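What follows is a structure written as structure tokens; I'll ask about it next.
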Amino acid sequence: MQGNSQQQAYDRGTNIFSPDGRLYQVEYAREAVKRGSPTVGVRYQGGDDGSGVVFVAGGRLRSSLQVAESIEKIHKADDHVGVASAGHVADARQLVDVARRQAQVEQLRYGEPADIESLTKEVTGYIQEYTQAGGARPFGAALLVGGVDADGTPHLFETDPSGTPYEWEAVAIGGNAERIQGYLEAEYEPNVGSDGALELALRALEDAAEGGLESEGMSAAVVDDDGFREFTADELADAIAGHGLDGTDDPAED
Amino acid sequence: MQGNSQQQAYDRGTNIFSPDGRLYQVEYAREAVKRGSPTVGVRYQGGDDGSGVVFVAGGRLRSSLQVAESIEKIHKADDHVGVASAGHVADARQLVDVARRQAQVEQLRYGEPADIESLTKEVTGYIQEYTQAGGARPFGAALLVGGVDADGTPHLFETDPSGTPYEWEAVAIGGNAERIQGYLEAEYEPNVGSDGALELALRALEDAAEGGLESEGMSAAVVDDDGFREFTADELADAIAGHGLDGTDDPAED
Amino acid sequence: MQGNSQQQAYDRGTNIFSPDGRLYQVEYAREAVKRGSPTVGVRYQGGDDGSGVVFVAGGRLRSSLQVAESIEKIHKADDHVGVASAGHVADARQLVDVARRQAQVEQLRYGEPADIESLTKEVTGYIQEYTQAGGARPFGAALLVGGVDADGTPHLFETDPSGTPYEWEAVAIGGNAERIQGYLEAEYEPNVGSDGALELALRALEDAAEGGLESEGMSAAVVDDDGFREFTADELADAIAGHGLDGTDDPAED
Amino acid sequence: MQGNSQQQAYDRGTNIFSPDGRLYQVEYAREAVKRGSPTVGVRYQGGDDGSGVVFVAGGRLRSSLQVAESIEKIHKADDHVGVASAGHVADARQLVDVARRQAQVEQLRYGEPADIESLTKEVTGYIQEYTQAGGARPFGAALLVGGVDADGTPHLFETDPSGTPYEWEAVAIGGNAERIQGYLEAEYEPNVGSDGALELALRALEDAAEGGLESEGMSAAVVDDDGFREFTADELADAIAGHGLDGTDDPAED
Amino acid sequence: MQGNSQQQAYDRGTNIFSPDGRLYQVEYAREAVKRGSPTVGVRYQGGDDGSGVVFVAGGRLRSSLQVAESIEKIHKADDHVGVASAGHVADARQLVDVARRQAQVEQLRYGEPADIESLTKEVTGYIQEYTQAGGARPFGAALLVGGVDADGTPHLFETDPSGTPYEWEAVAIGGNAERIQGYLEAEYEPNVGSDGALELALRALEDAAEGGLESEGMSAAVVDDDGFREFTADELADAIAGHGLDGTDDPAED
Amino acid sequence: MQGNSQQQAYDRGTNIFSPDGRLYQVEYAREAVKRGSPTVGVRYQGGDDGSGVVFVAGGRLRSSLQVAESIEKIHKADDHVGVASAGHVADARQLVDVARRQAQVEQLRYGEPADIESLTKEVTGYIQEYTQAGGARPFGAALLVGGVDADGTPHLFETDPSGTPYEWEAVAIGGNAERIQGYLEAEYEPNVGSDGALELALRALEDAAEGGLESEGMSAAVVDDDGFREFTADELADAIAGHGLDGTDDPAED
Amino acid sequence: MQGNSQQQAYDRGTNIFSPDGRLYQVEYAREAVKRGSPTVGVRYQGGDDGSGVVFVAGGRLRSSLQVAESIEKIHKADDHVGVASAGHVADARQLVDVARRQAQVEQLRYGEPADIESLTKEVTGYIQEYTQAGGARPFGAALLVGGVDADGTPHLFETDPSGTPYEWEAVAIGGNAERIQGYLEAEYEPNVGSDGALELALRALEDAAEGGLESEGMSAAVVDDDGFREFTADELADAIAGHGLDGTDDPAED
């Protein structure tokens, strides 16, 4: 997205509209989200395997000496809520902290866990303020907020840099999100259990990746009736290899 | 609306007038409203069917996997007050929160529900401040605030990005609003009950849409003496199909 | 009022003077007042009909479905004080709120109603601050503040965007104000009672309008010893028709 | 005073000096003072007629329907202190309020009336701050502060837009001030009583006016041992006519 | 001091250095000091006549009707401390107030009078902050702070617009300061008493003035063991005439 | 990294994104990190020698008279936590203070030492805020935070100027970091004890240095079960010489 | 240091980095330090003469009437700590006040004198904040902070405009610092006592001065076990003359 001179007249302040009603800084923040590696969320329900949400996040190791587990793109926000991010990592961490604090506040205030939707909307309200007030830039990160409400219903929400919440059955954010979303749209089925959801997420990521998936740097988690649980590195590597997604079965791809 | 260089001298600050007394940032915020999908409100009264206000909001699904119900453009602000929006979604949500908080405040302060007009004017006062003080941009959203007052009178107000309130019998905001308003002006009758109001709103939206209405992404609600009630997805789909507005009757339109 | 480049060097900040000592943003705010429809105030006293102030405000319906009564340009600020506005509607509403709050404050503080002049000057002081401090723009609205003081004297004041108060026997603000004022100057007599004052205001508005007056969108009120009272739509329509100002008697005007 | 490009580099901020040590915004505020009508103050003492200060202010009626008394350019700041202004009316009113509040504060704090000099310097200190701190413009108004101290001494001070106080025997501010001051310098005598002081002020104003003085829009007041007293419109008209200053005696002037 | 374009890149903000480490706004404030009339301070000690400091300030009457005594450029800051100023009068007054308040604070806190040096440094610290923090301009005034400490030692300090304190035996600030300082350097002797110090100051001022000194508008004061005392207008006129400095002895000068 | 004109449109505010979603000021802050001398951290564990983290920091003496020990680039943040820095020294010191204060806060709040990861994330959250809020620049420094948690596990984190935390087995920051990191990647083994870790760090630094290492200006420390301990200058010099890294064995290098 | 246009894009805000990671305003502040006269600090220890730090500061008299003692460039910050400065005098004074207040705070808090290093770092932390936060400029001054700790160890620190602390055996700051530092590097020996340290400092200053040293305007002090003591003007003059550094032995130098 390259700015022309007409655009440049309006794109350097968070608190101005362009003549056609656009907020360029918010659009540029969306570009920041696309610069990161992709993150996928898949909601499952209705099958024998119960209901829940699975997150899979890609990630890039800057060096073989980087500790892969430290690329934290999936976080536990509450016992029953996970948050996965894409985009500017430091921005995302601040938003995860907002979600965590808000989960505690709601627990304290109402004596029961926050439901996924209201938690999401606390975060999007926070994000919106950074797009309207002067003196700060928007957040260059998108979040997926997912989990199971007290009534057993799974929910998967996205927060975007404008502060708009979206609810999804399955969604990709970050780099290559459009292509991954296309795969999800073609293949999604709701009643596949957590294993099926994990497989779908991995296949969608693999479809957009060149040369197969490397489990190093990736992370995955599930939120179901038992709460939030991260997959271990071995579980994730096994799942990738078990579905033939590690590139070893795919010599034709260059 | 493209800016020329004369205009550009005055259009980047919320707190300056142009030489001819215009506030360009407010005008650009109105353009932001037009970028969204349309929302229609229709007030009915005087017929056998009682009095009330019907809202119908269009909406765009970003993907077949998006949960249609999550495109929330119609909100309950109080038992007897609904709010529908058009334009920048994240901005609209903030204004809906203002309306809700104010409804609670008035209930607490006066021991009775806020009337529709005073609630609307609290919101427009809030909006106006963002058009005058520096350091923030105007809200890029318009609201319809409607319901039935304690004395049984239905009211339907619009708030625009300048912070001006307007009262309507029937009104369209958002994308294609002018054409839809034309349809409403031609066909509106006050005493048609909620079914008639819903039908009018749908026909007006259909008239401006290409290829019929898709109930996915749309939402509708009514506020009458019994309070605020959203139509279910099935009710809405039935109404669209029942009136032949789903495009299936209209093969000639390409 | 088009800005040249010399002027543009000084016209974008509320807190700077031009080399010849002008405040361009205040002048542009006056242009904003002229963009609205006209509002007229007429003070009467000395006749058999008592003393008071009559307001008549023009108005434009954006659509036949707009509720005409909602074009509120005349407001009751206190039992014995009315406020009529011209210009940017949202700005005017804020100033009306200032006048109302101040009337309550003075009532509470001194145990008697605020007199018209001191109420006006509270408002003009508030307006002036927006022309001097940085970070905000001036108010793009003018007010007429009128009523009857405790001693029975009627007063009619204008507040302009610079924050200057003016007292008048009869005055027009808003669009076409100069031509309407000319009519008032030629025809004004003080001792005509409220009916005569209303007729004068209507005739002055009609003189500047093309094709006669339409009562839809217009509003009128009187403040006399009995307090503030708005004319009903029927009363106003009757007055317009009764004086032959609805254009039906005037086929020659195109 | 037209700005050239060298000057324009330094004249748009209240908080910057030009390379030659000038404060252009303060100089432009002085131009704003000159745009208004003139105001004259004359101190008298030493004659049989006691001591005091006389103020006479010109004024322009915007219309024959404007209430002349409402052009308030002379104000009572305390029982024994009057304030007259020239320049931006709304700015002047704020400064008059500062003087009034300060008079009350000093009365409360010390149990006796503020003396004229210290009251003036409270006002000039307030003015100065608006010439140094950023975020606001200077006041575009000058004041004359005059009256009789507790010891019977009359004082007449000027405050200018830089916040400098000057003490005078007789002084003109506002439009045409230089020519009027010349007249005062030529004709001033201290021991003439209030009548003589009023006559001098009127003659000086007349000398600079074209076609004689019109008492409409003008105002005058005296502060002597008996305190502050405004001349009535009739008294003022009589004084003007009595001295042949109403233009009727002066057919030669074109 | 005219700015070139290289200079203009750095001279409009108080909070930026130029590439060669200069603070242009402070330098321009020094130019503002030079625009005023000169002020001289002379310290004397060691003679039979005791010790002290004499101040003489020039001044310009704007009109023959200006009250000469009101050109206050010499102020009593405490019983034993005088302050004389040059430059922007309104700025200087604010600094004099700072000195006065600080003298009271130190008296209250320590139970004894502030010594001249620490009082000076409170003022220079205050001045410095206006050269570093954004949002305000430097003070366009210089002060001389002088008097006799509790131990009988006389001190004479200068504060400049950068906030640097200097101590002097004799010094000139304001217009023509360099030439006057040259005279002082040539003629200064410490043990001359207050009469000698006054004469030296007057002769130095006369040397730089064209056509002799006019006592009107000038002021002078001495601070010695008996405290601060202003010379009366007559005393000053006598001193000027007595030393033949009033221009009457100097017909050759044109 | 030289800016072109497209880039310059977006690179001077911390609170704006470029059209492609980059934060130039953060990227420039990373350049500031590269301007300093390199710092290396190496984590060791699993060998007979226990677990811990070794830091080695290069440094430049500005003169032979500078006290080498004063080039403090390695700091004790808590008994069991060390912090090493690269980049802008003054910025780094502020961040070290943040880490220290936070370690105290966590000790007080939870009664036990902060774990390395949460301490790091307090610092990165602090850093992030300086990249988003207006009115300040990002920190031009990177930190290594390392030590041993209460459970005996060693951790080594990096904080970068965006506020992103990274965990490492071995890492180089500052000047020449890429080349040094390459050496670390090639030679790193985890189970080498503190001596082996120190040797690896020194060899990596030597590989990128020209002409061998000079222990003057360098510093080193280890954090193991016994807590934080700096190597003395002699120990460090011995280690450099003992491994033949002082350039004396390497005459071929020019 | 002249700015080119590439540089000018980044050099006017304290809160922006240039593309190569430089902070131009900090660099320009260093230029401000170089504009002043030089200041030298020399630490001595290990000889029979005890340990301590000697400061010598050059200075320029603006006139023969300036009181030389008032050029205060060496200050006592605490009984055992001296502070000498170079650069912008008013800025330096503010920093000296910071050091003094902090010495008092540490004395009160811990019941013992602050050690030299922690006192220095309080000052550098204060300086750093002015290089990062917007709205102010950096300090255009460098300090030498020196003295003897409670354990008898002498320390000599420098604070530079970036807020970095450096420890030295001997160091020059201000004008000509590089040449003077070269002399110090060539001649420094630690165990020379206070006399030797004073001689070294004077010789280094003389080496860079043209035409010998003039004791007028210069100042010197020593901090040793007995605390802070300024040399009298006579002692300093004697030392200069005694070592033949007053230029009288050097007729060849023109």
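Which chain is which? They are A, B, C, D, E, F and G, in the order written, and residues in each are numbered from 1.
Just so it is clear, a residue touches a chain if its C-beta (ideal position, glycine included) is under 8 Å from a C-beta of that chain, and two chains touch if they have at least 3 such contacts.
These figures come from a predicted structure and were not determined experimentally.
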item	value
Chain B against chain A, contact positions shared by both copies (same if over half, else different)	different
Euclidean distance of C-alpha centroids - chain C vs chain G, Å	69
Chain A-chain G separation of Cα centroids, rounded to whole Å	55
Numbers and ranges of chain C residues touching at least 2 other chains	13-14, 134-135
Topology of the chain contact graph, where touching chains are joined (line, ring, star, complete, other)	ring
Ring order of chains, beginning at chain B and proceeding to chain C	B, C, D, E, G, F, A
Chain B contact footprint on chain C (complex, rising order)	1-3, 7-8, 11-14, 24-25, 28-35, 62-67, 69-70, 88-91, 93-94, 97, 130, 134-140
Residues on chain C engaged by chain D in the complex (per definition of touch)	6, 9-10, 13-23, 121, 124-125, 127-129, 131-135, 157, 162-171, 181, 184-185, 188
